[in-house]
Amino acid sequence: MASTIRVRATSSSETTEVQALIQHPMDSGFVKDSKGEIIPPHFIQKLTFEHDGKSVFVADWGGGISKDPYVKFSFKGGKKGDDLKVSWVDNKGATDTTTAKIQ
Amino acid sequence: MRNLLIASLLLIGGAPSALAASSETDFKVAYAAAEAANKEAGSLRNQWTVTAAALNAAKKAADAGDFDKAIASSKEAEALAKASIFQATSEKEAWKALEIR
Amino acid sequence: MRMRSAIHFASAAIALALAFAAVLPGVAADTIDPVADARAFRKFFTDKFPKVKLEDFVNGPYSMDEDLHRQWEEKEQFPPYEFSLEMGKEMFSKPFKNGKSYEDCFPNRGIGVRQNYPYFDDKEGKVVTLELALNRCREANGEPPFSYVKDEMAALTAYMAFTSRGKPFDIKIPNDPRALAAYQNGKEYFYTRRGQLNFSCATCHVQSPGERIRAEVLAPALGILNAMPIYRSEWSGMGTTSRRFTTCNSQIRGVPFNPQDDEYRNVEYYLSYVSNGLPISGPGARP
Amino acid sequence: MTTPDNEFSATRRLILQGAATVALVGLGNIPFGLAPALAAANDKYPEEAFKQKNEADAIKSLYGKTAEASDKVKLDAPEIAENGSVVPISVSTTLIDVTSISFLVSENPNALVASYRIPAGTVPSVANRIKMARTSNVTVVVEAGGKLYSATKEVKVTVGGCGG
């Protein structure tokens, strides 16, 4: 199955800008479905970004993050061709990970 | 005078069950009229969602035996259906007023 | 004596003039002139919003409100329709069980052709929309049709729209009375009030674009279909033109028809035609 | 599947230890029931903080101290959200030694929406899209040099369309 993580990492001078869009329902547990039953909470809790073995950004998320979540940040270092490892785990223990190349 | 009084009391006394029975037929008549009007609106391709809601409410009330409510809902549905028919016929010409020329 | 006859004469003249005036617009309205309509349609909106560039009308509410425009720009950096677009691209060239694929059903293998849809099919004598053509392609190749409103159909139309991005809408009305009738029927639908709220498409998108309807800003009708299919935050998912038409109907408390009923096909034909020349910008993100 | 469980129990032990030390030290302003997890720097998921209803408790549970408004924290949020389910919010700051950035929506069922750990060398600026239940104050809290700075903006949220 294609990865649920889309990453765009572009380095310019000495900082690398990272954007990520992840396919996930991010159900908060406060929403009812069309039949009126509560949709149970199902959201990504932790999202980590690592560059040459070092964590450059960690996100702790609650149910209040939008569906198909998006995040953007930058870090000093990282050059064209480097690897950027991105992985997430949700409250049901499901996970996904991908390694993107810095452009 | 007294006999009249007793008679009317009897009438009233005996009436409710008759009334309830007849109101079921009244409901059927009212519901059929509403459905027919909504059908006509359908042929004009212009039904309203609220008409369908009123028809459902009428049926639900009737199933629960509350024929007064069922008749009221049927009447409301009929009125809404008639309004949607009027809308469709009047718009046949009225739309031109808004047209960008 | 002369005074009375003068009055007689004047009132007769006025009556005649009135009769003539009444006939005139009647005559004009009966001849169907799509070219004049399209010119008037575009002029109405460019006059109403002189500061909006012609091609920006396709961004709907985002061209009407600065605060919304910024939110849109942020979303467009990594748009929410990204997943649907990729799914559509993958599906488009994946062969059916009989080995054929969508590429065999469409001119130029389906790439960069969205701007020609909907078109008038003279064999069928009706308007054929992109969604209809996609489902007919599936059925012709022994595959079950998709729902017209979202998911797979949205993904396929998203990919086809993406391959046409920037190409101007190029809807043609052949010199065929049935095509003119379909166009006119679509126009009539667009301006006809319906539903208990008694709104027509024009009430919102011609009379009050740029204004708010609760949290949403209304899009101008010019270029309103150029971004289809759209990922609406409201639906937190993709939706096709059919989904937009049916949900609009039920919002004004009119019973919607089935997607791809004649009325919807004709109004899409009308709306696309009067937006000829404006660039395709689908798939789009919307509030 | 078992690993997450003992990870949480580890957190609970951590918090209890934290509570014990806090009780000993007797820091007055921290309500006893909300013993703070250690500074957000540890990599455990701040379960408690995300459970807090209101903003102040969430910040206390996460950082164990209160924030002061600062114009060095620039919060970018729309005036009227196009839709409560996708509200683009971002922050940038000129503060130095930033270690953590968190976003809170006071009117949401749980105030804390997101908490980002900013390792050294990462630019203290984040953009994300959040959900808002209704019109509310959106607050961003930045932990820099061990102190908390914040910025707040009201974002209006209503449903769209004519309702059906």
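First chain written, first letter: the chains are A, B, C and D, and each begins at residue 1.
By definition in this document, a residue touches a chain if its C-beta (ideal position, glycine included) is under 8 Å from a C-beta of that chain, and two chains touch if they have at least 3 such contacts.
Computed from a prediction, not measured in an experiment: that's the story for all the values here.
In terms of CA centroid distance, which chain is the most far removed from chain A?
Greatest centre separation from chain A goes to chain B.
Top contact pair of chains, counted by C-beta pairs?
Chains joined by the most C-beta contact pairs: A-D.
Give, as an integer number of Å, the spacing between the C-alpha centres of chain C and chain A.
Here the centre of chain C sits 36 Å away from the centre of chain A.
Let me have the rounded angstrom distance from the C-alpha centre of chain C over to the C-alpha centre of chain D, please.
Chain centroid spacing, chain C to chain D, equals 44 Å.
Which integer distance in Å separates the CA centroid of chain A from that of chain B?
Distance between chain centres, rounded to whole Å: 56 Å.
Centroid of chain A to centroid of chain D, CA atoms only: how many Å?
18
Touching at least two other chains at once: which residues of chain B meet that condition?
49
Name the residues of chain D that each touch 2 or more other chains.
Expected reply: 85-87, 90, 127, 129, 164.
Chain C: which residues touch two or more other chains?
Correct list: 80, 236, 250, 253.
Can you name every chain pair that touches?
The complete list of chain pairs in contact reads A-C, A-D, B-C, C-D.
Which of the residues in chain C come into contact with chain D in the complex?
Chain C residues touching chain D: 61, 67-68, 70-72, 74-75, 80, 197, 199, 213-216, 232-234, 236, 250-253, 287.
Under the definition above, what is the set of chain C residues touching chain B in their complex?
Its residues touching chain B are 28-29, 37, 40-41, 44, 187-188, 191-196, 198, 200, 202-203, 206-207, 250, 253-255, 257, 263.
Touching chain C in the complex: which residues of chain A?
2, 6, 8, 19-21, 23, 66-68, 70, 72
Which residues, counting only chain B, touch chain C once they are in their complex?
Contacts found on chain B: 45-50, 52, 80, 83-84, 87-88, 91, 94-96, 98-101.
In the complex, go through chain C and note every residue touching chain A.
These residues of chain C touch chain A: 77-78, 80, 82-83, 86, 90, 236.
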